[in-house]
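Two complexes follow with chain A in common, the first pairing it with chain B and the second with chain C.
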Partner chain A sequence: MIEAVGMRPALFEQIERAEAASRRWFRAKFALVWVVIMAALFAAFAATDNLDADFVTEWSPYILGGAGITVLVSVLSIALATVLALIGAIGRLSRRAVPYGVASFYVSLVRGTPLLVQIYIIFFSLPQISPLLILPAIAGGVLALGFNYGAYMTEIFRAGIQAVPRGQTEAARALGMPENLIFRRIVLPQAIRIVTPAIGNDFISMIKDSALVSTIGVQEVLWRAENAGRPTLHTLEAFIIAGLVYWGLTIVFSFVQERLEKRMARGDR
Partner chain B sequence: MKPMRTSALLFTGLLVLITACQPSGQASGDPDDLLAAIQAAGVIRVATDPAYPPQSELLSDGTYQGFDIDVAERIGEELGVTVEYITPDFSEVVAGGWAGRWDISVGSVTVTAEREGVLDFTGAYYYTPAQMAATTASGITTLDGLAGMTICVGEQTTYQFWLEGTLELVGSPEPTAVPEGAQVTTFSTDTECADAIASGRTDFEGWLTSSTTLANAIANDAAFVSVGDPVFYEALAVATDKAGPAHAGLQAELDRIIAEMHSDGSLTALSEQWFDGLDLTTVE
Partner chain C sequence: MTGPMEPASHISHPVTAAHLGPPMVRAEGIEKYFGRNHVLRGMDLEVQTREAVMLIGRSGSGKTTFLRCVNFLEEPSAGSIEIDGVRVVADPLHARSREHLEQIRQIRIRSGMVFQEFNLFPHMSVLQNLIEAPTKILKVPRAEAVERAEAYLGKVGLAEKRDEYPARLSGGQKQRVAIARALCMEPKVLLFDEPTSALDPELIGEVLHVMEDLAHEGATMIVVTHELHFAREAADRVIFLEEGRIIEEGPPEKMLDNPDDDRTRGFLRRFLTSPKASAS
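Let's turn to the complex of A and B:
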């Protein structure tokens, strides 16, 4: 390529090195800005003289320990949501009234009611209908979150499936593949690759929404922060710690997602 | 059209997964006898409040401590099982209909006529005075000073009922009269009232809670002063769900254990340990 452009290799390398250096400088300054902002916020809080360092050292491990449950709930929920979204997308793409109607109803109802209300109904109200519907807290939370996110992801999946080039389906048909196999072997894998970034975004969003399951007693980060801070009258420290934990999780998983996307895009070059 | 088959496959898979993940719960014992189920599982699930010191509170290592916790541990010992603590909202516990999520409540629940409709109580394990307090900021020092003021209480507690005039105690002396025109504001648990004042909120002037909770809060620098004599005394007992599995056997065992704890002095010892030397296990 260098030869094609007619550039001398040494010059090209020089330009590359200069660009890499300026990128590194930019990243260094960017990190410095963040450090300064966080230090300023910390100083502002500390100056109020109302923060208890002993509380922080004593309770941080406990609150941090909730991160495991937060991630577990999020992973299980996103898995459920993905399956529901797939079923919903197929329904929404259907030309038959029944699947289309059912899927549309699901999407409209779930997107039209607050997530917290859904969590309450699944955990508190279902047992009222039948004792068979009693779920432990984590299962109830996963069901509610998965059910909710599945509705939002349905539209994303539908768009993803429709984004697979028509030529793929046509070529498969020309080869005599049955419709069902076309969907499972040709369309679906490609659609999944298209929607993976969206699933990643929703997973990160899910990590924050998982805080809502603290209301039904799942002992994850927010629950732990609440119950650490309230009786000791240190809710400010507790909630700051909780916020930082969620922020940390978000940053970590965003990074993972970025890497994943780069890896998946390799096949496109 | 054919994608529907994939869809149907996924759906069935989902259903299978959900049914497989159903908790077997206490199913290993006879489901009609709660005591047998508990002993078969080797665990008794006790409802407690994670933020109600000195009765029960959550520690930074994830364990609990407090008067109610010690009583629950003793119950577990006597039944030969370990104790697992569940932390529902107080209003859920006293509403009954626990849906089998926990077995008993050792959470300083007052015996009232209304609650007896949905819960089965053992004999009382201790009695607390209900103590009125006022914020130091309000400057109120007498019960009459709270006339027309707003008083903070925990949701669905006897303190709320007393203020609203609907309190029907069982096995306790008559309460004193409510300050005229007192308004009520609630939080999900009593200690949140202290927390609200600590964070600078000024929407109420009074706090009504058990004398033990108040004493503990004041010892931890809560900005309240005790006001007047206790307004009523309440009998507190261990509770089971009327709507739950058949529990006559468990109820009898709990009564026996509580009675034993009274007679062998262990309840008195615990009371003196947690309530600053006071023995609250007998009626005043």
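Let's turn to the complex of A and C:
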């Protein structure tokens, strides 16, 4: 088959060209599907003749302006949640009954009750105990969201810490490092690497769940949509705009997260 | 006391009476149970300064468990360990008490361990791996720790890998870094737990070569190994274990060529005909 050997480079090129063409074709069809669905949805809404273009142009900037508050609340809440989750995870991994008990109680209570109920209790009910517990809306919202996500993330952190190979701790022990130093210098940095993608995911769902704090008057995206849409009887436009803002935010942060993960993977691992 | 890395003025090989001061390592009556499984049944071992002792035996004979008892990575069920004058009595009932852990730490600071799986810290560069414990535990000034780290890296032939991360090293290079990391604490005794068992065959030689140099320079070491050829070259004493007991011990030539005990002979015969079967 001497001929076949000579043919090879040409054959490879042919195969590569075919594969590249099929990839391009896939991407084109993919984009087309999205465009068609969006156009169909838009046409359907427009056909009802209920969409008010003036309302959209007038109020879109106002609703979009809530994105800043949405992101601010989400960032503060995820920061609080991360701190609580770290403490919670240390408790859940403790051999001592008290920290283990406290952390388990926290996780059980938070996971067993609706987020909306937690928001209401923190914002509306605590002031009944003492006027000192009256919180500004943003503080109350951040507290509730952070407290709630902290419990879910406690389990993520616990799993992340446990995922650091046992040999790491043993090697550090063999070097004479005390346990607290081993945790801080050896286990925690590796655990953080392991859980970073999960924190990113939680941040993205936090952006969506933060809509719930509109109920206590935090003037974020959904609150503004309600404020603009309800009195003018344009809730259809208002809530569609709000939905698109959340969608846009999650797309942006998913992209950021993807880049971040790639950078970490490329790093020194 | 002389550290293991003090340049040797002479080959230390035979342990003569002149060397016999107090032993550097003394394990007495070490027992270990895992649940009801009696793994170590009264191990006594003394290792002299500058002596290289190799533990051989089938998997499951207790040699790795014994080594891990020496620096209390496993708490012995009974017995005591003394390294460089620091003696710790096994206390399985209070294994996590503050005083006991602090005593154990004194033992660990005086011993260096090299693991089968290397266990380098992946989030630290080679240099950071080497200076972490000296700066944090021994409070060696950073500049001095770096200098020391570079010297030991050079010694294991990896000076140029100083700023690499472990993920970018081959298995043999990782293990040599792990040896350098142990040396940076300037321990009184080095413990090797099957240091070549996780390596590809073509990488074993570079690690054994480093260990052989250490032995010939007079490092005090206890090595669990399946590399009998290496034991012959580098050991001062070979110890054969079975069922958690020392069956027989002696100089390598005697132990490997002409042991007295039938069980040692049986092990060597099986090992030499199918080394893989025993090494697994």
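What we mean here is this: the second predicted complex is superposed on the first by the 241 of 269 C-alpha atoms of A that agree within 3 Å, B and C clash if a C-alpha of one lies under 4 Å from a C-alpha of the other, contacts with A are read in each partner's own complex, and residues count from 1 in each chain.
One rule holds in what follows: a residue touches a chain if its C-beta (ideal position, glycine included) is under 8 Å from a C-beta of that chain, and two chains touch if they have at least 3 such contacts.
Because the structure is predicted, anything quoted here is derived from the model rather than measured.
Student: So, on chain A, is it clash or fit between chain B and chain C?
Tutor: Superposition result for chain B and chain C: fit.
Student: Quick one: is A:190 in contact with chain B, with chain C, with both, or with neither? Answer first, second, both or neither.
Tutor: It touches chain C, and chain B stays clear.
Student: With both complexes superposed on chain A, which partner does A:167 reach: first (chain B), second (chain C), both or neither?
Tutor: second
Student: After lining up the shared chain so the two structures overlap, which partner does A:83 touch, if you call chain B first and chain C second: first, second, both or neither?
Tutor: first
Student: Looking at the overlay, does A:65 come into contact with chain B only (first), chain C only (second), both, or neither?
Tutor: First partner only, chain B.
Student: Could you look at A:95 and tell me whether it touches chain B, chain C, both or neither (first, second, both, neither)?
Tutor: Touch status of A:95: both partners.
Student: Between chain B and chain C, which makes contact with more of the residues in chain A?
Tutor: B
Student: With both complexes superposed on chain A, which partner does A:136 reach: first (chain B), second (chain C), both or neither?
Tutor: Touch partner of A:136: chain B, not chain C.
Student: After the superposition on A, what does A:43 contact: first (chain B), second (chain C), both or neither?
Tutor: neither
Student: Can A:179 be said to touch chain B (first), chain C (second), both, or neither?
Tutor: Both partners.
Student: If you've got the overlay open, could you tell me the nearest Cα approach between chain B and chain C in whole angstrom?
Tutor: Minimum over all C-alpha pairs of chain B and chain C: 9 Å.
Student: Please write out, lowest number first, the residues of chain A touched by both chain B and chain C across the two complexes.
Tutor: Correct list for chain A: 95, 178-179.
Student: Once bound in the complex, which stretches of chain C touch chain A?
Tutor: For chain C paired with chain A, touching residues are 71, 73, 96, 101, 105, 108-109, 111-113, 115, 117, 119-123, 125, 132-133, 136-137, 165, 167, 178, 181-182, 185, 191.
Student: Please give the residue numbers of chain B that touch chain A in the complex, ascending.
Tutor: 1-7, 10-11, 13-14, 18, 21, 23, 50-53, 57-58, 60-62, 86-88, 97, 99-101, 189, 191-192, 194-195, 198-199, 220-222
Student: If we count contacts the way the header does, which residues on chain A are in touch with chain B in the complex?
Tutor: 58-59, 61-62, 65, 80, 83-84, 86-87, 90-91, 93-96, 99, 127-128, 131, 134-136, 139, 143, 178-180, 182-184, 188, 217, 219, 227-228, 230-233, 235-236
Student: Could you pull out which chain A residues touch chain C in their complex?
Tutor: Interface residues on chain A, with respect to chain C: 95, 165, 167-168, 170-179, 181, 185-186, 189-190, 193, 268-269.
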